[in-house]
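Note that chain A is present in both complexes that follow, paired respectively with chain B and with chain C.
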Partner chain A sequence: MGELSIAKHVDYIKSLDKKKDLETVLTEHLRMSGAYWGLTSMDMMGHLEEMDKEAIVSWLLRCQHESGGFSGNIDHDPHVLYTLSAVQILALYDELDVINKDKVAAYISQLQQEDGSFAGDEWGEIDTRFSYCAICCLSLLKRLEKINLTKAVEFVAACKNFDGGFGCTPGGESHAGQIFCCVGALAIGGGLHHVDKDLLGWWLCERQVKSGGLNGRPEKLPDVCYSWWVLSSLVMIDRAHWINKDKLKQFILDCQDKEHGGISDRPDDAVDVFHTYFGIAGLSLLEYEGLKPIDPAYALPVDVVDRIFYSCEKKQPSH
Partner chain B sequence: MSSSESDASLEGEEDEFEEEHEAEKWVPLSERAEWADVRPLPQDDGPHPVVPILYTPRFRQTMDYFRAILALDERSPRSLLLTQEVIMLNAGNYTVWHFRRLVLQDLSSDLLEELKFIERIAESNYKNYQIWHHRRWTAEKLGSAAMISELHFTEKVFSKDAKNYHAWSHRQWVLRTLGGWEGELDFCDKLLQQDIYNNSAWNQRFFVIKNSPYLGGVQGMREMEIKYCKDAIAVDSANESPWRYLKGLFKGDNEALVRSGAVADIILQELQKSKECIFALDLLLDLLNLGYEPPHDLIKSLGLDKDMCSAFKMATFICTCLKKIDAMRVLYWDWRLAAVVNPSDG
Partner chain C sequence: MEEGGVALLKQLTQILSDQLIDEVGYVHPSQLAKLHEGSTHVDNAVADPSVFWCGEHKLAISTQALVPLYNSAKSSFFSSHQTLLGKSKHSFHGSGINERFQELLSLTRVVVVLNPAFKTAWDARKCIFGILSVVSPLQELQLSSLVLSFNPKSEDAWAHRRWTICSSVESLFSHQIPEHLLQEEFKLVAMIADRSRMNFCAWRHCCWLVQWMSPVQMLQELQTWKSWAQLHVAESSCFHFRRCIFEKLLTDECPLVKVKDAWLEELNWIKKLIKLYIGREALWMHQRFLFFLWVHYFKPTDPAESIGHPFPLVEISFANSCIESCGDDEDGQRQIAYASTFKLWVLWKCKESSTWFDYSMLKTRELFNIEQLLRSKAAYQKALWEGLYERVKARSDEETC
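Up next is the complex of A and B:
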């Protein structure tokens, strides 16, 4: 079996902020998530200290708005997706105290709707992705009491389908990415009993195709990002052993650019930071040697999550 | 802006993009009289400026003027035109869409025109969240007047990408909010005729039988739908979608599943064709665990001896077969084997 080229991936991520190609221009508005993917990858590989923490945190704080929410970059509008990424970055750096947590919590709580769902921003798009962002973010801030958690969990549970999976709204097709969001939200929100673990577990392990990679829906191509979405969901419902771990490991390793670093969606495609993160996170769940273990629900290294919830001088866990 | 394919997507190449626009001859905003009074606002890269981005002059200038009108919060016709130019350059920029909605609202613009604009932008951006959200916002404002256009729009998207998640979400929203259920079961059938593996269409079919005010609900539709599954499975028994759909028809009603002769018929039909049909074996295993007494022809289809085959022995045999046939998931089948109930243990 090949190896994970950690040194190359570290160089690749470090080079990203200097790279200014068209892709960078077009993803400028989601830089906050890009930063989260890159920094979490660096932390899993044990190289977080090589990033310029001071510059990152000061830029991040400039993306916070009067409402308390964060935008994807300076000059953009706040959104719950980027608010979670910002909070995750601060968690990585153990700097959650630099923000006014109540203010962030107030931003998120006003996004909750009557039926328990969450809008992504003031424009009201509803999606279980946003339920996950809201619940995960508030849990990291220890402010879950600021929303109606019972209703939030009920809405996610209402998105469960006949095949055991979950969609973006009630009735929406099961999709591995949405399943991660829903199972993650239920895991953090104390609602895992809503999951038909055996039925969903089988649906998820059926996502593994001959090459060893995982797809996100039946009859779709495998993609490294599902190494995270599918596997983390399986871990959360204690069914990860139902897939062939060695074959998946090999598939992810085959998607590396061994010369220039980075990981792509499928072997021999172009790499990007999104798939680099998902590849490394998948390998971390597979207990790949040399990587920090990652928490399947919070999508942060386990030691970061432990530091937040189990440090002796801090409050009791809220999850 | 006339070209409908001119916006750059993430996969787009810059050169290609410039080429497409050549015919159009872009006039720099700094040379347009109607913009003479606006001072462009360059990007603020923060206190630790990174290496300057190599924007094309066009991209840079358009964004600089956009930042200027955003700072001024100028909701004018020229602002609307400018947001269009920015969207053509980068349809993923959600801030531009936000501002465009504010302008549309303030100007009470013709939203039917807006639907046409979205359609042009969408042609090369069917997976862009912002576009779909904007589409819904516009359709919601128009109300029932938009029902037909939205059903047509999604159908057009399916003709290019029949599994487009956004389009299916949009279509479900249209049905729930604006109506149009009458033809939906036929529509699902049409897409499944085109591609029997289309899991999105199967999901939609379930959505329709469960929610349509014109049909009898999942239970009322069960017999008809089992027949539909049977035909689909006959085409290819390795297609997981109809099998899952079939199980879904009996969700929460195990008793009916065990009693259903039609389901047992499908299993028999497939096992007689091949003893290695994973989904048929899986479903038979479910039935046996629920207390189903297998008839002789089913036992025979697996090559077993009818006299010495209890439900327990048969379930054990099936798991052992599946461990070999579906070796990648051997641990799953091991778990299923461990869960087989031995009546003599009870």
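Up next is the complex of A and C:
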């Protein structure tokens, strides 16, 4: 079995910010998420300190708006997707105190709708992805009481399908990425009892194809990013032992560009930071040696999540 | 390079002011040259022929010019956006303000054509839509269609479409989508789904439209999409759209017998397709759904009604007949694996819903069969089959205790 070329992937991620090619130019609007994928990968590989923390945090703060929300880059409109990425980056750096948490929480809570769902921004598109972003973000900020969590959980539960999977709205098609968001939201929001674990585990494991890779829906080709979405969901519902882990590990390793670093969606395709992150995160869930373990719900290294939820309790033992 | 970008931006803005342009393509410079050679007439004589080709309301742009064009469009957009919609925006009363909004609108058009994922530009249009009354819903739908013509999976173009329809449904159509608009939307999806396979966003749009449909329209669409589905049996999303309709019909005021008729027709149809197209996962998934519907809605309440032919047994024999009739090639192996999994599904659902029919004999025999088949035909998924098998057995044992 080939090995994970950590040194190459580290170089690849460090090189990303200098690129000026079309691909880079056309994805500037989602730089906040790009930064989160790159930095979390660096942290899992144990190389986070090689990134310019000061420059990143000061750029990140320039992406915050009056409303409290963050945009994907300077001058763009804020969105809950990038607000979560920004909070995750600050969590990685243990710098959550540099922002006004109440303001961010206020931005998120005003996106909640009557039925418990969340809009992504002021334009009202509804999606369970946004429910996940809102719940995950508020939990990291310890502000979950700012929303109606019961209703938020009920909305996600209402998106469950006959096959045990979840869609973007009630009646929406089951999709592995959507399932991660719903199961993650339920895990953080205390609603995992809404999941039929056997049925969902069944559907998720059927995503594994002969090559060992996972797809996101029936009849689709395997893709490295589903290694994360499917596997993290399986871990959260305690069915990861139903998957063929060795074959999956092999599939992810086969998607590496061993010469220039980075991981692609399928063997021999062009690499990008998105699939690099999901490949490394998948391997981390598979307990690959040399990688920090990652939390399946918060999508952050376990030590980062522990630091947020346990360290302050140690500092204040007074209750 | 920057100067060149500004000049090109001017040309592109002018070309795109033609609202009738309905297709855009990004092509290699050599392809662009061929286009020019092959056409006697071009729509736009001022445009740089090494960058643009424009004919019959179709536009081709050279990939080589994309970076300077985009950079220039982006900076013009941001500066106009900042002044008109940004934090320090001026009041809307100034003279020439309409022209300036029109200018921003044309810039957003250029930006989303160059980069459909540039959500801030789509949203600027929504803002202007609220401020001025010059923007028509038709124009927004056309722009969305134009972008979908070259980027059929653009989430933002689909979302802009939904936003446009929602805002006009409220203001123009008194909370109903007129039939002709509904049909236009389905036409667009069919066209896009033809060219862009497995397009999650396109089918999501169909499922989204279901909320506006009456039971009669829903039953009609089930018929209409049949021939499309038959030609695309791997399109799981198309079958999901059908599931979406069935679920909606069952919560609406549609008489249950009508839904049951549609369900029966669907069942016969899907079985025919399963026999015709060997080893298609999407078909077997749909078959699972139809059995699920039987368990939850169509199961007779009186056991006497189906003595002799309990439906679960009919379904098990159907799966068996599929297993017996297929060969040992790859499609055949998949068919056997899906049929066996389906039998597991039948046992699982019967147990789960405490379906009355006595399946203890069948259960022992079938579980053994299923185990044998799954292990030999889908060996790489051994851990799953073992896991599921244990769960079904555990559920059955609970029952015998």
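One rule holds in what follows: the second predicted complex is superposed on the first by the 311 of 319 C-alpha atoms of A that agree within 3 Å, B and C clash if a C-alpha of one lies under 4 Å from a C-alpha of the other, contacts with A are read in each partner's own complex, and residues count from 1 in each chain.
Convention: a contact is a pair of C-beta atoms (placed from the backbone, for glycine too) under 8 Å apart; a residue touches a chain by one contact, two chains touch by 3 or more.
Because the structure is a prediction, the values reported are computed rather than measured.
A.B. asks: Quick check on the superposition: with chain A as the shared anchor, is it clash or fit for chain B versus chain C?
C.D. replies: clash
A.B. asks: Have a look at where A:S58 lands relative to chain B and chain C in the superposition and call it first, second, both or neither.
C.D. replies: Only chain B is touched by A:S58; chain C is not.
A.B. asks: Is A:P218 touching anything from chain B or chain C once the two structures are fitted on A? First, second, both or neither.
C.D. replies: It touches chain B and chain C both.
A.B. asks: A:E66 in the overlay: touching chain B, chain C, both, or neither? Say first, second, both or neither.
C.D. replies: Second partner only, chain C.
A.B. asks: Quick one: classify A:D17 as touching chain B (first), chain C (second), both or neither.
C.D. replies: first
A.B. asks: Do chain B and chain C touch any of the same residues on chain A, and if so, which?
C.D. replies: The answer is residues 20-22, 25-27, 29-30, 71, 75-77, 79, 121, 123-125, 162-163, 168-169, 171-175, 201-202, 205-206, 208, 210, 217-220, 241-244, 247 of chain A.
A.B. asks: Under the stated contact criterion, what part of chain C meets chain A in this complex?
C.D. replies: Contact set of chain C toward chain A: 63, 66-67, 70-71, 78, 81-82, 87, 115, 117-120, 123, 126, 159, 162-163, 166, 198, 200, 203-204, 207-208, 210, 234-237, 240, 243-244, 247-248, 280-282, 285, 288-289, 292, 341, 380-384, 387-388, 391.
A.B. asks: What residues on chain A touch chain C, complex-wise?
C.D. replies: Chain A reaches chain C through residues 20-22, 25-27, 29-30, 66, 71, 75-77, 79, 121, 123-125, 162-163, 168-169, 171-175, 198, 201-202, 205-206, 208, 210, 212, 217-220, 239, 241-244, 247.
A.B. asks: So in the complex, the part of chain B that touches chain A is made up of which residues?
C.D. replies: Chain B residues touching chain A: 8-10, 12-14, 43-48, 50-55, 59, 67, 70, 90, 92-95, 98, 101, 129, 133, 136-137, 163, 165, 168-169, 172-173, 197-200, 203-204, 206-207, 210-211, 240-241, 244-245, 247-249, 251, 328-332, 335.
A.B. asks: Give the list of chain A residues in touch with chain B in this complex.
C.D. replies: Listed in rising order, the residues are 17-18, 20-30, 52, 55, 58-59, 62, 71-72, 74-77, 79, 121, 123-125, 161-163, 167-169, 171-175, 201-203, 205-206, 208, 210, 217-220, 241-244, 247.
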